[in-house]
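Next up, some structures in structure tokens.
Consider the two complexes below, in which subunit A is the common component and subunit B and subunit C are the respective partners.
And now, the complex of A and B:
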């Protein structure tokens, strides 16, 4: 009996020690991710978790730093020769994982491959489409031609990973997933990819940018927030992304852990469906009868719905302070944002008055639709907004659903009031205004994600002028003007900017990023 | 006895929920997100005391639990009654007529029982959408087979007895023989099964709500309350999950205790 007891104690001690002991193995690190990586083909699925993972194995011509400023990547330098011509110079010392050198041919091959990936659920072609002609001057110099002045070309190319022509020519998406074709120039090599479970990377010792501090990195997919925290607490992983807001305070106080955060480029906002003359779906009078007019076409109603939401309370109570009240589509330290725009102040009486002026003295009824697994506390935000609306006389129901269902239905305009999020990868407001608020026109690439179908010719004109203005200062002034026009008209309702959070065990430092990417390159051992 | 007292108390709370709750937890206008996540017994800024604390939307947990019990009991009882009625008819018909009717009904029952109940319910709710009525439909679908099987086995025994033969000899209508003579004598085991199944239905409803299917998030039942609080467990805000869990536990335990006693009372072998 005593022996069994002793054995049990020994076993327990071993179990207890096993976690930290294996974690302490130097130069190996595990990281818990929030979302699955759907493919290791860098041109298959334009999705933040994928794009973040790709940056370890592949590299674009131009990279973005932690604040999304453009910095040289595989291109050592670039410049606009004239309004329609760009010259890119490649680095000369870059080799792929197999030792073959990077040349202009690989870039040409990449640009050809991007629009032709079969079954791509979300293509990268938008980034390469503006380039109508490529000329190879020498193995390390390229000339790109565009049909119209395209200011955002460098920013677009920061989203396009360069692949090897040698390995990519006959490769399909499956060959990248298996690792056969996943030969990039990045600081890490792909060792193993198990969908929905893990991605294992090994160091690329010949990396042109110098050696990274880790030999092996295991990214574990831990979609459940509580499981992610539990994995960190148990020592199973040394870093997690998107710490649940409920646990931030606790981890922050514990000396065994570090929490870092940074306001992100992601705005959580509301699109009001203005596509119909009569009331859009799920918007009725209080007895459930349809409304004659679409209330969202009235700027006074839109404004009432904006000032009727107390953003400070959402930030303070629902987001536990890990969010910033929003006034536009990007926090105001980004390019093209206006310092004149301030978050709408909560005004209960003002909202009621605006509704009465617009002809709805008794309010109306609507259903708030939103995802329940995409953004931080998304379903809780929806409920809190509904609470505020009940106070200005609007009967608000809430229906949330998994993002896989939600976004498809929202794009078909099946809802009236939609809570959505938008991360501006380019880090400048012009592109988000163009996607979210320009008059919907798919052929011209304008308003492609404008699910509210807001349309304002005066705004369109200013924005379109901005998009073809090559001078940075002049362009910024025009984008700011467009942003002010849209926001003062409540074209959409910005709620808050997400604050991204990462937690590590003691002994690590992570450089927080505005684009919410979790990059092993930002993780360093603390000295 | 303790079980019965507890069950009656829970039933009273469920029925009277709108009267005795300090707040209507489903009326968004009565919630204040400023009062969210208050600990049990803590006073809110406007001076109200929440005895069991509040959840992440500022919902009074006590009211939430009362209303939640109301939904749980309602769903449990309604689905049991409908499932019982359907299972009863099919079971009796199968046993009384025998032959191919019996084979057909019992094979359907076999197929149904070979799938896990939770799986069928999940698929049904994914197709049907949200609402109390839809949960009841899903629960009836997964439960009627148990009753059909129980009724059939006891009806098979009863069918051989002389009083049924006597009724037939009198040339009574088949419906009359089945429902007036056969049915009452098959009931005792069924009552026990039904009581246990109420508890089972409540647990299943809580599971479905926990998984986010069934009821809208603004009208949480016990399962959804537990699920909402789950993510606050690690940060020490235990009450959002704990008290609804306790309420669920007590309810199911009370029903099972009563079912146990019923079984003893209705079992002739234990009668002295």
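And now, the complex of A and C:
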């Protein structure tokens, strides 16, 4: 049968119908993405793959560079006038895809639209909410007022795409998807959006930031990792994101391909459920009886569980070196990270001693819970951690589950020992400490994802001071201090930072980013 | 016939309602979509807003009631993730899936029945044994692996066929079809063959077993004794009599190929509904899951109906809607 097919194909080839599948034209490029883009409405769904795609068509006032440092976007400059007032100056040479100029009215319109997108499953209002009043000084100058000092305003605004008032006023999400309202200022125009299948972009030749090297870009959604690699190997796409761990070495050795990697803003860590006085679920003595006290409330036990894991082995073997052992919530070149913090050294004897001091000389039993389809090799990491714990006398079982089940249960605190991941979109450690380790209080937006319910008033105080300190240097020192307090107390167990990978066919250079975004603006033909 | 059809569709309606309720309960039990959709940094206000926006703040039975009311007017709800009507999301993708399924079934039938006949008529010949050996391979090799091997050979090594996606389409009566263009056929070849392989093996085995049984029957011997040509004996007396189980299986398999071509669709990034279903389950996008299953159940009901009609055409003893216990 295969022979028949082969003959048929050979015949078609002879007829000139079937050219080799590659042969991308010079200024056209195809890129394989791992996750679907759920909408082309920039304010509909706050989701990394969407945010990454939006940056091609739309732009925020402030952008983030490859290391997530803030750089001018549509705003040429900005400054805090006082604790509650910010002044933003827009660039004067920016035009939307239809030729209309960008003015302050478009920014005002955007801020109004963001909280009012119908049916939004995850809104961007979080970023615009602090702004209580907007004043237009002139068509290119805006004054934002906040109710309380909000130092993260520039970082928040880097997540908000500015849309055209002219096209957006009556537009619904559908109009952005169809391309009718998707008129941005970005380097590319939306040509076609097919949900769960592809996004096609065409160059915006009038782009204020200078022309990009590509006329046309096709993003294909290739969720299956093997299919993504096959598409690259067969020349159907010229670049893929998130190369499967097992293929990285092979592609790296092949001179026809380049593999680019970069440590990301995503930390894989463990939350220890400290919400109850009694032992949390799935934490028992070795015979299966519940423990009287919650062992995770003892800093010595937390530390034992941290030094009892050999991070180097996980990085080397499980992650095949595509990870970096973690000491805090972000790699130490980010804002607010402390260079003093080093990844916990593996210390078998030390861990045993700490457990004995805490009153568990014979250890206890726990179940490690984690997702199995969310982070790179997540289920294997859980297995590896369990192996290490058996050496320090802790009976560790492993139970992993799909993320659709896992995160609901984890948020209800149905687990004791939870492996989780956190990507810091803002690129500064203060916001991560606030979400993951501040005392749980969702009304105030503190500790919203603190599934361990770690609570330390001294730490809270330093962090809250930091969050209202306008001076960048002073604030950074305070965030560093808070991070050191939390990490020295083993408030959570950082395991590793994921390394993101991209592969291109030769002849391309890609500037890898820490935020795991795949941006065509980073892809250049090699000279 | 008409009374039969009406009764059948009455029953089907209850199946649909029951199924939608079960899926509702099932998805509700798995987890809370808001946990997956909302940004983890969001505070309480945002969580409450998102829950309300998706209609998840209502009591479970009330949510189901809202769904039923909508369904009665043809509205199966909006996708949580894509914010478009779930039904239109599925109907946009359905032609691609049905096309793939039909081409795969055509391959399976066109090759499977003749090969099965050969294997059944000459079970001890090298050809007959070879066909059976091949069908064991077709049965036992995982679709996933075969798909990847096809890609490695035809896309990566030889560069003849594109590794993913659907080719150029032409619109016929409002439905985009890709098997009418050369580019479309090239894209279709590998996924269709991959999907057909298992069904092909199944049909070979089924046809062979039926044939071996039929050739021993008296009426076949009698037909031979009458001096009928080999072609007529096989084509009319053997084939027509063994077709009933084959038609049943083809009907069932066509349904399952349409509904569960998920593995093939994800390997070849075929833009069909299978891929959509898996993504929707992972994201707990309940309206899409419910709508998808409703569409598929409807499809199954329709296919079964067609199969029943075909029975009555193939076997004069079968009467639709008669007093027969069937």
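Throughout what follows, the second predicted complex is superposed on the first by the 503 of 527 C-alpha atoms of A that agree within 3 Å, B and C clash if a C-alpha of one lies under 4 Å from a C-alpha of the other, contacts with A are read in each partner's own complex, and residues count from 1 in each chain.
The rule is short, and it goes like this: a contact is a pair of C-beta atoms (placed from the backbone, for glycine too) under 8 Å apart; a residue touches a chain by one contact, two chains touch by 3 or more.
Fair warning: this is a prediction, and the values are worked out from it, not measured in the lab.
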Next item on the list: In the overlay, answer first, second, both or neither for which of subunit B and subunit C A:372 touches.
Entry: first
Note to self: Looking at A:445, would you say it contacts subunit B, subunit C, both, or neither? Reply first, second, both or neither.
What the structure shows: second
Next item on the list: Decide which partner touches more residues of subunit A, taking subunit B and subunit C as the two options.
Entry: C
Notebook entry, point to check: Of the partners subunit B and subunit C, which touch A:46 in the superposed model: first, second, both, neither?
Noted result: second
Notebook entry, point to check: Taking the superposition as given, does A:174 touch the first partner, subunit B, the second, subunit C, both, or neither?
Noted result: second
Next item on the list: Return first, second, both or neither, reflecting whether A:231 touches subunit B, subunit C, both chains, or no partner chain.
Entry: second
Notebook entry, point to check: Which partner does A:197 reach: the first (subunit B), the second (subunit C), both, or neither?
Noted result: second
Notebook entry, point to check: Which holds for A:346: it touches subunit B only (first), subunit C only (second), both, or neither?
Noted result: neither
Item checked: Footprint overlap on subunit A, where subunit B in one structure and subunit C in the other make contact -> 226, 230, 233
Next item on the list: Can you check the complex and tell me which residues of subunit C touch subunit A?
Entry: 30-44, 46-47, 49-50, 53-54, 78, 80-84, 89, 92-93, 111, 148, 151-152, 154-156, 159-165, 182-183, 185-186, 189, 193, 266-269, 271, 275-276, 279, 281-284
Check: How about subunit A: which of its residues touch subunit C in the complex?
Finding: 1, 5, 9-10, 12-13, 17-18, 20-22, 36, 38-39, 41, 44-47, 118-123, 125-126, 173-174, 177, 194-198, 220-224, 226-227, 230-231, 233-236, 373, 402-405, 407-409, 411, 422, 425, 431, 435, 442-445, 448-449
Next item on the list: Mind listing the subunit A positions that touch subunit B in their complex?
Entry: 225-226, 229-230, 233, 244, 246-247, 249-250, 313-314, 317-318, 372, 379-380, 383-384, 386-387, 389-391, 396-400
Check: For subunit B, which residues count as touching subunit A in their complex?
Finding: 27-29, 31-34, 36-37, 56-58, 130, 212, 216-218, 230-237
